[in-house]
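There are structures below to look over.
Look at the two complexes coming up: chain A is in both, with chain B in one and chain C in the other.
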Partner chain A sequence: MTVTDRVEQGVTIVAIEGELDGKSAPEAQQAIVPLVPADGKLLIDMHGVPYMSSAGLRMMLLLYRQAVAKGSVVALVGLSEEIEDTMSATGFLDFFTVVGSVASGIELLNA
Partner chain B sequence: MNQLDFTFSDTIAGYVVDHDRAADTFSLRTSDGRVFTVRLKDNTYAQMVRNLGEPYADATGPIREMLVPGRYLYTYGVYYPEQGAFTFEAQFVVFVGRKPDEYAFERQDWWIRQIEQLADFYVHAQFGDGTIDYRDYRTTISLTGEKPTDHFRQETDTISRLVYGLASAYLLTGVDRYLEAAEKGTDYLREHMRFYDADENIVYWYHGIDVHGRREDKVFASEFGDDLDAIPAYEQIYALAGPIQTYRISGDPRILKDAELTVDLFDRFYLDAEQGGYFSHLDPITLGARSESLGENSGKKNWNSVGDHAPAYLVNLWLATGEQRYADFLENTFDTITEHFPDYAQSPFVQEKFFEDWSHDTSHMWQQNRAVVGHNLKIAWNLMRMQSLKPKDAYVRFARTIAEHMPAAGGDAQRGGWYDVMERALEPGQERYRFAFHDRKAWWQQEQGILAYQILHGVLGDEAFLRHARESSAFYNAFFLDHDDGAIFFNVLANGVPYLLGTERLKGSHSMSMYHSGELCFLASVYTNLLITGAPLDLYFKPLPNGFVDRVLRVSPDILPPGSVELTAVWIDDEPYEDFDREALSVKLPDTQRRPRVKVRLTPTKVPARGTP
Partner chain C sequence: MADTLQLPATLDALGPIRAFVDAAASAAGLDHKASYRLRLAVDEIATNVITHGYEEAGLRGDLELQAWRNGETLTIILEDDAVPFDPTTLAEPDDLGTPLEERAVGGLGVFLTVHGVDEFRYERVARRNRNIFVMHRQGADDG
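Entry: the complex of A and B
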């Protein structure tokens, strides 16, 4: 599991590569939290995440809360159908903004 | 040292010793045997203790005739320092019964009427008089029952606590609106607050949600300072309190399933399988109890995580199901408490904060080396419940030790009632245990005192325990009932005057939501009638057609001494019904697709030796 970040048009884009499970989710959280901007815009790119366990879900939820606490807005892009289904079934999807592409994410967060 | 050479007001609680008509004074003996002289004035007034919903009952006219030896009362007045001592002049007197040996709150229906008033207050405050919709629920409500316009938090635990109170109100009254509110609250918790973890096949509960119109933001981990970014055990424990009390009525299998999966969470993640007990916090991502991310909460155990399972849901889960798994869990809980909590060589209070290896944690956050008086009393109360499930000498010894220490260590023998948080140890030169923050008295700690001494008397028979139960109950009913705005005050000053500042002014908050007040009404009804005065008690149930296993409805109201109570009558939809087990306290429900209303009558088998009204 790797985490990379870049900034495009004022939006911090954090890309996760690899499975998010009980072992990797804490590592992902440690890597991502310092990247969350204050009063900024965060787009989490999940194109490279083929599988996410409940530990990954819980990590996403905490990440979301920490971003909001810092005054940032968050969107998700690149959810696999399976992950989207899981997030929907557990009620997690309701409070994430999900977009279809990185470009539309940047556009939405800058709107 | 300071000299008290000024006037001040205070309360005295005690038993009348004699009344000197010529001097217009009477003497009062406190609970611990000290005698005070009280001077009546020509404008001293008196009132009877009264229940919620009852009008003011003046007793000024017969005040002097009522000052007969042995009568328990409160008097509030002014101390005047003069002639080397203090003259006490009474401003008012509160009597606790019409007859000298009467305690009004031992009336058969006292607590039943009180819970009805509480339920009406909370249902009206949260939902108005129309449709019950939990989207309207708010954790915070004001002294008068108003909701805030700028705060939209719905905490899982406070909904669950409200549901507990409402389900208890249905059990005692059979009023359908209370059950409707309890069941809708349980459904809401399941639909909005529950997280089913498919990977682990467990259930855990969100801290709460923020409601913004039709949108809701889930709050997963706790946001409170003590528990920040962790999943504290007590939140998961209290999430079950309301649903399980509702399950006793309905037998809804969905509730049972959630409870089983939450107990799995406790057993697989909170349990310390090697050294026993349950950890207090989990890391929200790894579900580990030893994660560094938990900070001060890493690898800790405390009263809440180890013991609060029992009163919050586990006793009720066992009562409703009769499952051995829960009896074993209860036994393990009380064995653990009995092994690790006593610390009488060091303190009259139990030790309630621990490291993983059970060594004492005396520096944790605000708790330090402090005692919560109500936790001590709660342990005594619940040990006596456990004693009727699986008797052990160690349980009785420990409960007696607590009961004997608490009046002097955590009680107020001068004014009545139970204090809040105390220092566990004396510093050099100190003769009295110090209050950690203040000498106020919180409503929920009074509940623990009442229930502890009621059941101690009910099971062991000691008259001293009955006296403490009555004194505890008298203080609560004299000073905690809000006759103006409804429900119960959060805190009173040591003298019984309500303390109405900050969050302690609220009727709904993170701490308060009809749980303790409702639990007190329910169990004080049970203990007073069935263990103390010998009166029958009716309970109401409304089982679902697909509810209880084998259509067996268990109606025992609490874990009571075996054989002390019989099921003497059952009605289904108001018609007498005969298919029940008198001694097992169970009803074989009819095979029907309707949802019957079941009323049962429980009757104590022993008539108490003493006469009570």
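Entry: the complex of A and C
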């Protein structure tokens, strides 16, 4: 599992690569928490994540709270159909902004 | 005849466990989504056994997996000798519609397991926990 970050048009884009399970999701969380901007915009790119267990949901929940606490807004991009199913079944999908592409995420977060 | 996998109960086992389940699902002809849901279910329960059953209890041990296939079903059996725990006694989360700010963390893994497989059972046999996951090979994407 790797985490890379960049800033595009004022949006912090954090890309995760690899499967998120009980071992890797806490590692991803540790890597991403320091990257959450203050009063900013965060786009989490999941194109490189083919699998996510509830450990990944926990990671998302904590990142979401971290972002809200710091006054930032969050969007997700690149969810696989299966991960979207998992988020839908657990009610997570209702509370996250999900976009279809990095470009539309940047546009939405800057709107 | 069953395929089996035995390995130390640490979080490093999760990847190999998913690979084992994936291979069994392929051999049974499960479609992509059914295979994913079965992988997720076994992974969730294995994660609970490793973290709560072994590590938090200060215990060490193994996980043992078996894959059984017949004409109708694929059955994965996960056995451990950690602290006795029956996941089917865990209450379903009742806050799935609650905003994330107020959500409790936890209980979602068992929820995904129960709702992801066609049948989920727990047995306590010879001082071991046995978690049983069943998928139908016909109409595997029914639910």
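In this section, the second predicted complex is superposed on the first by the 111 of 111 C-alpha atoms of A that agree within 3 Å, B and C clash if a C-alpha of one lies under 4 Å from a C-alpha of the other, contacts with A are read in each partner's own complex, and residues count from 1 in each chain.
One rule holds for everything that comes next: a contact is a pair of C-beta atoms (placed from the backbone, for glycine too) under 8 Å apart; a residue touches a chain by one contact, two chains touch by 3 or more.
Owing to the predicted nature of the structure, the values given are computational and were not obtained by experimental measurement.
In the superposition on chain A, A:65 makes contact with both chain B and chain C. Ranked by how many residues of chain A each touches, chain B and chain C are led by C. Shared-chain residue A:29: touches chain B; no touch with chain C. In the superposition on chain A, A:55 contacts both chain B and chain C.
In the overlay built on the shared chain, the residue A:11 is in contact with neither chain B nor chain C. Using the contact criterion defined above for the overlaid structures, shared-chain residue A:92 touches chain B and also reaches chain C. Counting contacts by the rule stated earlier, residues 22, 53-55, 58, 61-62, 65, 86, 90-92, 94-95 of chain A appear in both its interface with chain B and its interface with chain C. By the touch criterion given at the top, residues 22, 25-26, 29, 53-55, 58-59, 61-62, 65, 86, 90-92, 94-95 of chain A touch chain B in their complex.
Against chain C, the residues of chain A that register as touching in their complex are 19, 21-23, 51, 53-55, 57-58, 61-62, 64-65, 68, 81-82, 85-86, 89-92, 94-95. Across the complex, chain B meets chain A through its residues 192, 195-200, 215-221, 229, 283-287, 291, 293.
Note for the complex: chain C touches chain A at residues 11-12, 14-15, 18, 33, 36-37, 39-40, 43-44, 47, 50-51, 93, 96-101, 103, 105-106, 108-109, 111-112, 115.
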